[in-house]
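Below you'll find the structure, written out as structure tokens, and then a few comments.
Per-chain numbering from 1; labels A, B, C, D, E and F assigned in written order.
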């Protein structure tokens, strides 16, 4: 942890002074336009892969970039979504999965390790629909390919869950809110986007013209 | 959201190439030593204020940097904690609050805005103990000072909640895991640390000799 | 209740004898192909409006033809869905709303009567997303038109909820299961179907060519 | 599903027109006097076995005609009960089980199939008290006889659960509401009624004089 | 609290020595035959009013001597019941209410004080059925009489809840377990028993011949 | 149970008359200063081991003297704590474990018996943190010594849980409320107290000067 303290010192002495003005302006309020939901994985740094500044991304991070569907037991992610839409009025929500996700790997392989992590196992029930779909659609896959398929399908499933939240459903219906599904590849730095029209992930370039998942509330 | 796509392009074209080797090494596994739990607030960028690299911080972000106590309804934060300790074997957990936190402000002021956000209000019940303590200990405070007092007390409360998780309690008892309570000041870039011995937040410098909250399991 | 006993006697003495053979064949097992989810409303008789025989429809009836999204608190409707797909292998699920639905009326009008029915009010949270969408899309509506709009949107919302159940998601992805959204009009006997392509309810005739809601799992 | 559409067409073209007047009268409101709770089983058609018309029975159908006891996690069945008693003021509630019930069979046999249906298994916990009683009272039974014993005991158990709901308890205490336990035999069309005084199911004829389960709130 | 320490000293120095043999025999195991469920009220001392010795009563005490019905959220009282029946094999369960019960008073009067105690208010939902019955059966009562009526009805309601627990239902059905409803009067020391046959509380003497509530599982 | 009725008669005829005045004074209200939370075990009689009179101890008894942490699913123990602090204004809360506790023994040994008691097993999750600590700190222990270590650690864990309740946290912070951890030894009648400063249980005598666990809210 000593390394952490060195970093804090470095930030205070060398990084912050150069940004003093920026932070002084931010000190009294935040006004992010984007809610970014991604995995807790240490290799995924939202502000780096989007090259955004402090104040731009409202960030939720949990195991497997999951958004439980709206229901009776509302927890932390649902609170983030509600706060982002109602209090902050964000215009976009990105759900960002990533390659080599340990949670997705454990889920699709049925890792015994999950037996020692009952809370994680229970949490990943929110990705069961994605797993069921992958097993039905891609019985031929295994290993990393199967994990990658789940990573991608899981992003779609979590977008569907997002749509069950009343504030999100209303925002999308009114056109004030757009939902985006991304997958970040750690090894190449590439980001693929979910293209609703094609029903699949496409390279960032290809989806540029129509990058947002425009989900009509009535669909 | 166009700005976000520009950022992604910038990352891919200019940032990633310089770090290609680093990311290629990270592509197959992560091995972070630290779990960093902080607020979803857009102005708090964990990797920036600790000057850490991708792969170093396992990050959980939610409204109010909250850790629900261990109990019957385990959710996303509990899953992160379990995964970090059991699967990753982290050695340190930092709970990091911050100045001007909208969640803490809403809670201590009893904002009517919370009536429109029932899920957020319910989530913040996990900070009620902190609020009760501030109201008893600091009846003389109001405005920003009262918010700041809650920000600080909330970090202490969440550390106590952390300690109710079996994996954390065992880690702390065995000396393999240390818990840290931080408060980041957006305006000045300063970080204060919770000093268990003194029972209060102290400037980073002062706490250096004994920076970790060494909570004996038997205390 | 005397009337009920007369009916039972009538059934036993006059109706059953004519169908004896049919019932003897059914006595040992059921093999319905369709799960029909509709409101508890006394005016909606599933077997009458579909002119089906005993043994054809597996039926779930509750307040507001609701299907809670898949999550942590699974209840009776989720059990019906799971049983229908896994144990019975149904090929179609119909969610059927109806005109003049008391539950939808109470929800959209914010009836004070709901204050005396806390369990009903809580149950109808599962239709909040539909209400939010109607309020955003149709601010000009009121009275019966607004109720009717909610009845229709609620069917769409419950279809989305259905899709979050792993067994349903897998069935739809594999093409073995089709989901249908219907609205039954009590006054005219007409049934409208949800047309996913058009994103709206259409008269039964118009949707005949493509009556099923073919929701691709990857959408 | 084509068959279903044929039925809908048949209803619209041939059945509805003959009942047009009836339905037009029903179009603006319902006023059922009876809440009928039965299994989702496709062979049990409430309106047929009671020879009732649209508008007469408020119907709840779920796996195993279950009524969870009043408690902290109120769901769909509890909402139906509350709505029927408070909003509609029904005078009678019938809980109707049936022979050859797949849910009861699975529960008493401990079917492995239930392992693939965790939600169903969890739902059937509401019938565990009935199962425990059957195992204690009828250790000599097996096969269909044991299933039938559970079907009957389960009706009694669900009547007891009904009695824990405040609105039902008050209705029964005031004499405004009567509870009835029925078992419908698919093969013979016979209905047996639970006779509280005798503590057992009796043929419909025998119970005629005292057909209602008159459960004094103070008993 | 000094008084408490004096008591502990008194026990150790003067009371324990006289009972040393008794306690040494008890040190290795307990074998109570009776589960006694009563209120946390400081004026109700189970071992005193039954003149029993250490080792005789397994005791559960909570606000309002409540037993939540068997359901999805099982808590501490359900655990006591299960342990008493399965692990200890008790032969009798007594639910003992008492005069001047603060919880029942607060519930029937709708005390505003309950607004400051949300957890207590929620807990008392388990006595709502009793309250509903009292309000229907005894609209003429008020003040202490109404509270006393609720105290008595609440005991009946909790006995009904007890009967929903599978282990209890089986025990009662097999005749190995008897349930008893008592009300203790603090002012006079009198205990009234619930007489199931008469459907009311009777003085201890009167019920002697048939003191146990013999609830047939099939009733 | 006949023995119980003899005891009740004995109390009424011989014990109560001598205390008539005391009980008449208590009949209208209680004013206990201490909340005493202990195990349901029949050998632990709170009023005897503290030599207190009716009216002095508000008592909560459950399996394993457990206090679930404050969270979303508040139950009976949380209601007792809230009522004791808010309505009664107690000044001290004692959590009292005891030697040879069956619940702690079952938990640390992983008894198969717990498989037949799913509700008990679930309830004991609230003592998992204590078990994890004992297994880490005392791997060399087994048998009764290990059980005793868990009994002691469990008291500490439950004190930590107590501290998560807002009303308790505020009471401790203001100095109006003290928390005490005790372990009662059935065989010797000795009571050990948890000494926060030393982080261990000490004989009653040794802790006299500083007997209370003075937990600063900010620790």
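Assume a contact is a pair of C-beta atoms (placed from the backbone, for glycine too) under 8 Å apart; a residue touches a chain by one contact, two chains touch by 3 or more.
What you see is a predicted model, and the numbers here were worked out from it, not measured in a lab.
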item: Set of chains whose contacts include both chain D and chain A; value: C
item: Duplicate of the D-E contact set - from A-B, A-C or E-F, the pair where over half of the pairs recur; value: A-C
item: Reference chain B; chain at largest CA-centroid distance; value: D
item: Gap in Å, rounded to a whole number, between the CA centres of chain F and chain B; value: 33
item: Between chain D and chain B, distance of the C-alpha-averaged centres to the nearest whole Å; value: 51
item: Rounded Å distance, chain A centre to chain F centre (Cα mean); value: 45
item: For chain D, residues contacting two or more additional chains; value: 68, 72-73, 122
item: Starting from chain A, with chain C taken as the next chain, the full ring order; value: A, C, D, E, F, B
item: Chain E residues touching chain D - in the complex, by the definition given at the top; value: 68-73, 122, 125-126, 128-133, 135-137, 153, 156-157, 160-161, 163-170, 173-174, 196, 199-200, 216-219
item: Interfacial residue positions of chain C with respect to chain D in the complex; value: 1, 3-12, 15-17, 20, 23-24, 26-34, 40-45, 47-52, 54-63, 66, 68, 73-84, 86-87, 91-92, 94, 99-100, 102-103, 113, 116-120, 122-124, 178, 180, 186-191, 204, 208, 211-212
